[in-house]
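Consider the two complexes below, in which chain A is the common component and chain B and chain C are the respective partners.
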Partner chain A sequence: MTDHERYEAVVVGCGPGGAAAAANLARNGVETLVLERGVDAGSKNVSGGLIYAEESAPYTIDGLFPDFREEASERPVTENYIHNVAGDKVKTFDIGDLHHHDTAWADSVLRRRMDSWLARRVHELTRETGGGLLTEVHVTGLLREKGEIVGVTCEELDPIEADIVVAADGVNSELARDAGLMDWEDPDEWFQGVKAVAEMDPDVVDERFDIDEDEGEAHLFSGDLFDGVRGGGFLYTNEASLSIGTVFHLDSIAEERAEPQELLDSLLTHPLMAQWLGDDYHEVEYSAKLVPDSKKAALTAPHQDRLVVVGDAAGQMQAQGPIIKGMNHAVTAGALAAEAFADARSRGDPHRAGEFYEKKLHDEGVMDKLRPTSYRAVGKIGELGPIDGVANAVAESAVGRFGVRAAEGLVERAYNSPTLVSMIPDTKLPYVTLPTILGEELGERVTDENHVQPPELDDRIGDLTYDVGDPHIELVDNSFEASGTAVTACPVSAKDFGGGCYRDEMVQTNGHEEHLVSLDTQPCVECGTCAVVADTDWEHPAGGKGVEFEQG
Partner chain B sequence: MPDIDPTEHEIADLGPKIKDVDDADELREMLALEEDGEDRVPVKTLIEDRIEKVEAEDEGELDPETVDLTEMTVADIANMVRDVDDADVLRDILEREREGKERSSAITQIENRIESVEGSDDEGEDVEYVPPEEKYPELDHPTNDKQWVEGTAGAEYRDMWVFCETQAGELVDVSKEMLGKARDLMDQYNEDYDADERVVAVLLGDEAGDYVEDVTAYGADLVLYHEDDRLERFRHKPYTEIVTDMSRAGGELASEGHEDVDWKDYHEPRYTVFPATNNGRDLSALVQGALDSGLASDCSGLYIEEAMISNPAKVGTAGDKKEFERVLHMKRPDFSGFEYSTILCIDKPNRDFHPQGASVIPGSFEIPDPDYDREAEVVEYEMDLDDEWFEVGVTEFDRLSGGVDLTGNEVVVAVGRGIGDDPTTGIELALDLVDAFDDADLGLSRGVITSSYAFDSHVEQYVSEERQIGESGQVVEPDVYIAAGISGAIQHKVGCDEADTIVAINTDPEADIRDFSDYVIEGDLFEVLPRLTEAVERGELAAAVEASDD
Partner chain C sequence: MHTVVLTKGVPDFREGQVSFDEDGHLERGKTPTVMNPNDKHALRAAFQTRVRNGGHVSLMSMGPPGYQEVLQEGMRDVYADDLYLLSDREMGAADTWATAMTVATGIENLETQPDLVFAGFKTADGETGHTGPQTAYCLDWPMVTHVVSLDIDEEAGLLRAKRLVDGDVTEIETVEAPMPCFVVADPEFEPTYRKASHRLEHKQLREETQERAEDYEDVLTVWDHEDLNLDPDYIGLDGSPTIVAGVDPIPKAPSEREATVVDGDDPSSLEPVLDELTPFAAGD
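Showing the complex of A and B:
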């Protein structure tokens, strides 16, 4: 037997999933070590920014961390709208009912602030058990003995053994990949989220949205402002800033050769935004991250040997129509995994935690939210090409349009139905066609002039903080065919831009010309996109290296 | 009914709540409720744990004067007596145990406790000192106790010695850092102990004397150096011999000819500090071994303070505590720097552990401002070096180049991705321009270095990170910086904008580089570079630039 450092539990990642797991393990007296690769928890993390506490969920973030809402979140969401855009015409629906369905509360958050607060609590709790939180440690994979997972390997530390390994390492989980539970092959299992944080005085926020300091708004956007790319936009109010971003199906970004930063700019510069962004748009941070689509990516058995996988790492990110629920499910799953371990341990069989965890996900109804049976019935079929084409045609036809006009109330109600929105097929119909028709037929013209000049990509990169380490991504195949999609899909690269990660180049070799791509990982924001759309060897940077988000 | 009905709570909030319940019966009622109700295994475990804990605490309240010892395990007794401070009560317990079960391990526990509460006055048994040879007669090399080299006890030690490493003709930074730290420590030391001990700098090498002024400026009171051509490169045998010899000079074990020196009248240094560099690590271990002491390697913090020690091997008497004065506390990072240990090197009753020695991680301390007005006593240490020490020689060496150093050039010609249409020619044209100047070199933007361009072999050698200008490359301040086909990203800018004159060549007159250039030549670098080269060769460009300087 080799002599490894040993803890009862090792939790990898200190986002909401890891924090919840660690807190609940510590409460059960389990000796818990938490490893986080960022210089600080949250320095690597991006979300749009609404964290939900669901009434039906067995665990919520404020249940596990009592002062969460006072200390770590921004504003409660008190108003919710979806805007259907067609050119400069917009039809707005109030989707408060959908938002409030099963919602105890929902707050906007910025991840640097939120996660670093959680991390301090996690460190206090886990230290009591003889463990603690170590930052700047990059976990590289699973430690195996006789073929069985018994711990983790790290770039900065010797291998560590544990009775349970909680992989809460987020999207592009190196642990889930190592265990063979996830591959990063299929773009249609992912969304890509891109976001800008714009500084704004709290008084100005209150005034422009006509809200009090303890109120906040959530606005969602869909329709024709994204060049037919499937997805939508969002705008959330924080205490002293706005989070504005987009979430698109990655396969659609890849197919359309869309430039994510331009799609974000389309949103930022739309006349509708003028009322909120004003003339003094000041972007303090540009960021991006992949988001799994639980309907397709959620692991049905997220465990193996002593490994349990929670949160984004297990694909547990639910797109409930336009509403995005990832953080809350990561919290629930993390806490359930901890509970499962406590159960298994008290039965004298700690290594059965995975099995109990899977059962709890089902019994507590989490799995059915992540992979709804209704989607399997309707959504999948809706995605098959011909039917989508027909549906599109129907919606486009005069009759379809008439239907929309006649049924305005019905559409608003449909938007507010959790069952209907979770069945939405991943096609242009719901994301682009229908909202555009709604905007055209029912919308009102927006006459405001938008003066926002979003920063160029090189300035966005220049404003970020990097601690450059060794390259963490390697191009396996540098032909344009294999990896060229990354030139456009990478949120910090663009066609005809020499300063990004991916650049396409025509190279003369021995008299003939080749179309190649080259890669420089220095401006990388570690979003994970090129792990899926290009032929790469993809890892996270070493502990503490790479990009550091101040907002997140 | 208990105050808390567990079935009404989630396990997460039960944890903290249950900690306030101290009554075992109440907890049992809660357990029953849970069993009848939700029957959650972790909740039951939680309550059962608490019951166990509460009952254990109750037991802790047992009265040691009346408790029935026969009901208790030895461990229980050991725990109980730990809280009893009254020797009479303890004697009474001892008596009862002797009359009762008479367990020898329990008796020892109680006796030990009596001893420690009464303190071991003079009657306390001395730990008998037995030399290792006698203790382990069966071993020809008794390693259980480390064999001594000197076996000195109770000798006199003074001063803090700093081994100052030089590399490639310069005092390395860590030497300056150590001198600064030693200066601070000894100033404080002299004040605290009303003493007059010195910082001693040790220099070895073929031209060791050249650094005397520097080490003085950085804080030495006494500089010891030894020069010999054979010491040009570090070799551990001669280096160890010399440093050891110096350390012993004037002391009880001084070598021949060094019995009396006017600069030292004590046995050996009180403290020694070495750099934790490759050579310093090597030397520190050998010297500290030869001087019969220990070494705290790779330290990042040092301070001098008293230390209370209770280890019988150090104190000499079991159960006693003793304060040791003037102990160098040597902090070193463990577990990749997440934890620290503080290492102390302390004399034993029959054997000294001096010098207290540390090697110091470069960068741990600040480099002080040098004071070239300082004065120090300087001693060239005379010593014959044995040829045998040089049997291991250095036949060849290669200094890893610190890469290409572009910082000293008058002119830097840098090219960027603008060469993309014909990268090899682009580099060739830039090199032609470099050659046209007297003192110039080639720089590159990162965009070129990380490209997939296929360069012909004769220019390929130039395309490497060694020539990168910018935030993650070199920062240059030449008189003239020529940037051809470089857009002027902020990360590139920080590497060149201190140049006196910046000339940009770009097909796009709006490129960012315009904002910080003195001249922008709008044009294709493949045409402009050759024309510039011609101009320089004819001496026209220099004239133009000089004119602009005014």
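Showing the complex of A and C:
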């Protein structure tokens, strides 16, 4: 046997999932090593983001990390609205009931601040167990012995053995892929999130939203402002900034050949936004990341040998209608995985942690939130072509429109029903058609003029300068058919824009013309999109290399 | 493991820090003093042994009282457990030999004999590269220079080093030496930490040394020539055999050379330039 360095537990990634796992392992006295590839935890991470503490959840972030809300979050979300947009007409519903359903509290967060705060706590806690947290370490895969997973391999360190490996390495988990639990094949299992953070004086935030310093708002947007791409937008208030972004189904982005940065700009420049953004829009960061859709991607058995997978890495990201819940589930899953290991160890059988973890996910009701039965029963059927077509037609017909007008209150109630929103099929009907009709039939015209001029893509990229090290993504098939979608879908590339990652060109070879794609990873923000929509050999950059978000 | 690292202060030659008078003389008063950049490589090498093998790192310098801050800088930016400053008027204006004598005596005066002494590869002001080797000579220790990587075998009492042959990166040899030993770290020295436990230790020690550096006086020992029992005739200016016969200012590059303007848009005007350059391209 090779003489490897050994820890009882190795946790890969220090986002909310990894932090929760590490904290709970440490509390159970397990010697825990945490490996994070960023220069700082949070430097790689993006979320909208509202972190929820659900009343029904066995673990919440402030339960595991007292003082979290005072130290690491931005503002509590006290009001929540959805705006149905049709041109310049907007119908707004208060979805406070949906927001508050099962919610102990929900705060807006910026991930750099949040995760680096968590990481400091995690380091203190794990240090006491003989482990600790290391940044700038890229875990490249699983260490196996006689075909069985026994630890991890790293770019910067020699292989490490452990009794439990917690893969909390987020979306595009190299560990889940190595274990064969996840592939990055189907665009319809993912969303793509793109976000801008705009600086704003705290007093101005208070004034423009008419809130106190200990209040915050969440605004969601859907309708016809995104060129028919399925998804929506959000705006959240932070202490001294706004987070404004979009989340779209990746298959829809791919099919429509949509340019993510332009969809974000459509939101930023809509007249409705003028009241909040004013004339002094100053974007401090542009970012993007894939988001798994738990309805389709959540692993039903997120473990193998000594490996357990938590959070985005296991697809545990719930889109509850327009509300996005990833961080809270990552926290719960991380803490449950730790609990499972502690149980297994006390029974003298530490290697059964995975099995226990799976059971806990079911018993605690997490699995049913991630893969709701109601969606399997209704939503999936709704996605079948003919039904979707009929539903769209009905909704758009005079009858449908009349129904909408007659039943305004009912529609608002429907938006606030957790069961109904969990059934929403992934079709244009709920994301585009219905909101547009709502806007048209019930909406009021917004007359404000929006003066926001979003930065050009090269300025957005320019603000994110960093050393990527060696190219971390390889184009396996550079034909346009195989990889051309990335030219538009990559959030830092665009058709006819030379400064991004992906470019396409016509090349003359042996008398015939070929449509080819080329890749330059220099401006890459590591969102993961081209791992799914293009034919690539995709890895994260080496520890400490690559994009470094200041906000997240 | 006890290691000592030797350092000195040099003018901060970085753009924006250094200042020269009209005649091109360095203005010492206006230029901040910093730790000799090459010594940081030596200190990193010592820190690596501290992380991997444990023990104790002492940072030592001979110089005016102001060098306390140079020692503090090393402690803050890299690492040190304690600091030694050899300082009094008698030691002033020493050449490299008198410095080596003094420093070697400082090392011998330590409570425990170190296993390793590290020095950087030449100073940014003197550029001689003599002090290290002369100190090794005074101590009568083996010496390994141009070290780019280092492993310690404590049980065998050996160090294993990779070093640049003739200071050239193209040729690297591996050598072994018994300890105690004198090591001159090359600017190419790269500390390596491939074990998680080493990185955790590194992180912890970095935090500690930064804290310690805030109250560095608590761990600073200042010795004068009497503490070291040194005869003033053998140290400082009196003990320096080097005679500086004179200093030639380096003339400013004459600016009024004949210049030929080349029109970049006109390929034919580039031909004479190419003709001029061809002999150099051949390597002669």
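Here is the rule we go by: the second predicted complex is superposed on the first by the 551 of 552 C-alpha atoms of A that agree within 3 Å, B and C clash if a C-alpha of one lies under 4 Å from a C-alpha of the other, contacts with A are read in each partner's own complex, and residues count from 1 in each chain.
What we mean here is this: a residue touches a chain if its C-beta (ideal position, glycine included) is under 8 Å from a C-beta of that chain, and two chains touch if they have at least 3 such contacts.
None of the values given here were measured: they were computed from a predicted structure.
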Fit or clash - chain C, chain B, common chain A: clash
Broader residue contact with chain A after superposition on the shared chain, chain B or chain C: B
Touched partner set for A:G17, first chain B, second chain C, both or neither: neither
Partner chain(s) touched by A:G498 [first = chain B, second = chain C, both, neither]: first
Which superposed partner A:A342 touches (first chain B, second chain C, both, neither): first
Partner chain(s) touched by A:G48 [first = chain B, second = chain C, both, neither]: neither
First (chain B), second (chain C), both or neither touched by A:L134: both
Which of chain B and chain C A:G245 touches, first, second, both or neither: neither
First (chain B), second (chain C), both or neither touched by A:P302: neither
Touched partner set for A:I160, first chain B, second chain C, both or neither: second
Where chain B runs into chain C (options 153-161, 387-395 or 495-503): 153-161
Residues of chain A at both interfaces, chain B in one complex, chain C in the other: 134, 156-157
Chain A contact footprint on chain B (complex, rising order): 10-13, 15-16, 41-42, 44-46, 49, 335-336, 338, 416-417, 420, 422, 446-447, 450-454, 472, 487, 489-491, 512
Residue ranges of chain A in contact with chain C within the complex: 5, 7, 33, 35, 127, 131-132, 134, 137, 156-158, 160
Chain A residues within the chain B interface of the complex: 23-24, 27-29, 58-59, 63-64, 134, 156-157, 335, 339, 342-343, 345-347, 458-459, 462, 468, 478, 498-499, 503, 505-509, 516-520, 522
Complex contact set, residues of chain C against chain A: 194-197, 199-200, 203-204
